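Shared between the two complexes below is chain A, which pairs with chain B and chain C, respectively.
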Partner chain A sequence: MIQYTVTVCTVGAITAILVLGVNVSWGWVGQIDLAYYAYVAIGAYAAMVLELPKAHPAPTTPNSYILGLHWPFIPSVLAATAVGGAAALVVGAIALRRLRGDYIAIITACTALMLTAVTSVDNHLVGGYIGIYGLAEPLNSTFHLGPTGYSYFYLGLCIFCLLLAYLVLERIYKSPFGRSLRAVRENDTAAAAFGRNLFWLRLRGYALGGAVGAFGGALFANYLLAWNPASWNLTEVTLLIAGVVVGGQANSRGVIIGSVLIESALPQISQLFPLLTSNSTIGPSIASILGASGIILMLRFRPGGILRERRAVDRTGGPASLVPEVPAVSFARPRTATGVGVGTSREVERDA
Partner chain B sequence: MHDGTQAPLLEVRGLRKHFGGVKAVDGCDFEVGTGEMVGLIGPNGAGKSTVVELLSGLLKPDAGTVLFDGREIQGLPPHRIFAAGLSRCFQLAKPWGRLSVLENLLIAIPPEGKDTIWRALLTPPSRTRAAERASRERALAVAEQYRLHPLRNDYAYTLSGGQRRLLEFARIALARPKLALLDEPMAGVNPVLQVEIERGIRNLVEDGTTVLLIEHNLGFVERICDRVIVMVEGRVAATGSLAELRDNPIVQDAYLGVVGAA
Partner chain C sequence: MLGVGFGLVTASIVALSTVAMSLQFSVTRTINFAHGELMTVGAYAAYLVAKSTSDLPLQAVAAMAAGAALGWVLNVALFQPFVRRNATKLVIFVLSVAASFIIQNILQIGFGGSYVDYQAGSTTAYNVGPFQWTAMDIVTMVVAVVVLVVLHLTIRRTKFGKAQRAVADDVLLARTTGVGAQRIIAFTWLLDGAIAGLAGMLLAAQVGSFTPTLGFGYLLVIFSAAIVGGIGQMYGAMLGALVIGLVMEVSAVYVNPSYKESMAFLILVAVLLFRPQGIVTALSESNAQ
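And then the complex of A and B:
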């Protein structure tokens, strides 16, 4: 049971990292990115071909793959992150040229399909349909932990990485870059008129999202110790986007909560249903129905998500002429529970 | 009017933009000298706002040249034109809705290359905040001047129509461009704050900004502008001081007569 909980938590932490990446492209930049899972897969494959030793042509190794550089864990994950970011930069350079949503959706979807085709058809690139496997547990050649100890260790590592990704992204969100990116999302015409290079800003945001996806993918592959084209598909991306919608677009904490609810809690609840009836397939169906209804209700009654987008505020209170020299801008959580467009914070405060 | 020895800050030649059959701007020529305060008037649909869109790069002209500060800027992307020192406000206010009013004001201050990912990662937040302190104080002072200070922490989408117009003007005041194109900055603003904006425009000019003002209130135009450009059906029909133009038959026909009758 404890082992099971550790598994759920590890996958949950990795999923939370993935949802943070979706939140950059969908929440900050405002582009639906159907290629997101391609960056996750690129990160996973990149980490594996960097970490694994060369494939032997002997019958003991059933698949083949390129590189086989036998790099250590940490440089491999960092390199995989960079590779994912670079791939997103290339795809984004094509997809973001025209700023129509349908154009972007088609290009990103095609990219994802192409990547699946390339990886699954060619057996010598990354092992075709069978994929790559046989990775040694990362860092365990140094620690020599037993299976249980190692699972705790990897859970800790994933939570550390989630925290790292969260802190890095929060810093970027609050920086002038993050602010410009959000301005582009809110009104690109006005952002351009105030000196923002729309294409370049969107492209950098998109590549950042891809890099976070690849980072999560690399961690995932190092957890599964194997990766194949079936490991990841469009459904997962849809669930991640749902996590962003439910949690609160552009709010990192919110989307982590959203992903935990949708991707970790809901499947667990669904497992209880077979206990209530004799029909064993009813659980997942009920979970899907509950999940979908939850999203629809959320969009209807709380379009901003669980936590609303945060904005920089000034806490000095008095008129500007009396502003003391203490730095005064901080990021505040929204004080009111209203969703976007439902009411104004001022009205609510006045009513309260 | 500029004295002719010095090249004008803005020189528009043969500017044209058609939307299907609508000749919104149809061979427009005019110039604005450095430091001038020029009014651009004309009936509804004369093409005034379209000229602003063309000059600021948000629309590409079909033909014509725009010389700004000695450079041809027609067809350049809007962010390059802003960087060259030309900024504009919108007739229909365009705030960044899910950002606070304060953030809206901060974005209007030219970033000077500070908005990169690397800078965000490598400078500690305390340093970023210290570096932004000057910008923030300017933003808050301008917010105070245009009665936006109490609203500084609100999402911009909660602002009323008039408050949005104030925010539009406040952004220009913070951008401090060489040339400001103001597209009806007073429309929908209450009389007390109109006086405030009038003072704001005068302050802009005193600080060395050249202003091209689109405005339907001729009394105000007469008070504040050195001269006016009258646009009718996509072309410049006349230029000069408003006092001179009042007697001009073309202008009376096309514009002043209509306004006078209204």
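And then the complex of A and C:
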């Protein structure tokens, strides 16, 4: 039972990192990135091909993978994060150039599906349908822990990484870059008028989200010790978006709560359902239905999520500005021509 | 040439579904990510009816009814409350993603995740000119052409079509001139669902066996066709479907068939980069100059 709890907590911590990444693109930048899970997969694959030794395909399973550099754990994870960020930079450079929100969602979804097709079909890139497996438990060659001790250790590592990701992202959120991003989200015309380069800001935000995803993916692959194309698809992205919407867009603490609720608690609750019936697929389906319903209900009744985005405070002493009625991602179009928020422009101005 | 033959069949199915989506988009201006599920419920409805009767028209009616019902429910229960509250397009898009997910999982609970077999029409192949088609292939193409022609006449010649075009142009103006915009929108969803449901049944008949992700797997292909043709443009959608269908099937002859969809997406990416307004608008623009 304790072992089971440790497993749930480890996956929960990794998922929370992934949700933090989704929060960057959806909460901060205000864009739906359906390719997000592709960056998670890129991070996972990158970490594995860096850590594993050279591939020796057996005649029976002629699948192999590229690289095989046999790097240590920490540099591999860092490199994987960088690779994920770079991939997002490339995709973002195409998708964000001149497209609107819903088109971006479609083109990112297409990108993710193309990547799935390539990784599944090509047997020599990252092992095709079978994927990559056989990774040794990271860092255990130095610590020599038993299976139980190791699982505690990895849980601790994941929680540490979650904390690290949280602190770094909070720092960026409060930085001039983070503020400009939110200004672009709230009112891109005003932000552009104050000299912000919209494309470059959005692109950097998008790449940051991809890098966080790849970081989480690298940790995930090192936990599972195997990865294949079946481990990632649009379903996962939907649940991550649900975590962000339920928890509270653009509020890191909120989205962590959301991810725990949607990704960790719901599947546990849904495990009660198969007891009622003989069909074992019902549990996950119910969890998915509840998760997706969470998106709809939250958007309808509490668009800001459980923990709303904190109000921007003008530290120069002026009257408290912005966001009061507009929740995190502005969900209502400005009703009048005066919808240009005074606070928004002031916030941008301060960065300049 | 075989590839072109298959391409025409695929294009017919894609065209039906894409035109339905474009029609819905032009009137409501929202992108419906749950469009694939309209097809899927159509396929399952046809599958259920096929258990008791092999009568194809009856199965088609069931598919259309199921799709229409789902389209209507989506509009009334999900989209309208948010549209009334002035939600942004992005929020409505996210809603439709959630809806797509919920419907898939409900079907998963109802029918299980494994493939169900659906056989419609005979599988005897005929040689027609350079092409090789089964009877069902020919039925599919004929049905697609008939439905598209009827739809064209509805939109161009009837009062309803006129009202629909008015709403598509400008909801407020249409409302001011006495068009019941709500009713037109509701009816558009019914029409969208019915045509998509029919396309779902034809698709299921093509692939022979399917799962609750049937329509979802095809969704992005349909988006590709719609965007390539110029989203919201009915005639562009037909052209887009033809391009996408042919590219998918002809490319399958030369490269690994698993890349079929990827080929469609490549075309989409290229169009979005160089002609974001789609082919058809591009054509009419160049005519005007």
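General observations
The rule we apply is simple: the second predicted complex is superposed on the first by the 280 of 352 C-alpha atoms of A that agree within 3 Å, B and C clash if a C-alpha of one lies under 4 Å from a C-alpha of the other, contacts with A are read in each partner's own complex, and residues count from 1 in each chain.
Assume a residue touches a chain if its C-beta (ideal position, glycine included) is under 8 Å from a C-beta of that chain, and two chains touch if they have at least 3 such contacts.
These numbers were taken from a predicted model, which means no experiment stands behind them.
Once the two complexes are laid over each other on the shared chain, residue contacts for A:I94 go to chain C alone; chain B is not touched. By the touch criterion stated above, A:G217 is placed in contact with neither chain B nor chain C.
When the shared chain is aligned, no partner comes close enough to touch A:G85: not chain B, not chain C. Judged by the touch definition given at the top, the superposed model places A:L299 against chain C, while chain B stays out of reach. With both structures placed on the common chain, the touch criterion links A:A105 to chain C but leaves chain B unconnected. Contacts of chain A with chain B, set against its contacts with chain C after fitting on chain A, overlap at residues 329, 332.
Here chain B touches chain A in the complex through residues 56-58, 77-79, 82-83, 87-88, 90, 94-100, 102-103, 106-108, 110-111, 114-117, 119-121, 125-126, 128-130, 132-133, 136-137, 140-141, 143-144, 149, 151-155, 157-158, 171, 175, going by the rule given at the top. Considering their complex, residues 31, 33, 78, 81-82, 85-91, 93-95, 97-99, 101-102, 105-106, 108-109, 112-113, 216, 220, 223-224, 227, 256, 258-259, 261-262, 265-266, 268-269, 272-273, 276 of chain C touch chain A.
Put simply, chain A touches chain B in their complex at residues 168, 171-172, 174-180, 182-183, 186-187, 189-198, 201, 204, 208, 250, 309, 311-314, 316, 319-321, 323, 325, 327-329, 332, 340-341, 344-347.
Residues 30, 32, 94, 97-103, 105-107, 109-111, 113-114, 117-118, 120-121, 234-235, 238, 241-242, 245, 279, 281-282, 285-286, 288-289, 291-293, 295-296, 299-300, 303, 329-333, 335 of chain A are the ones touching chain C in the complex.
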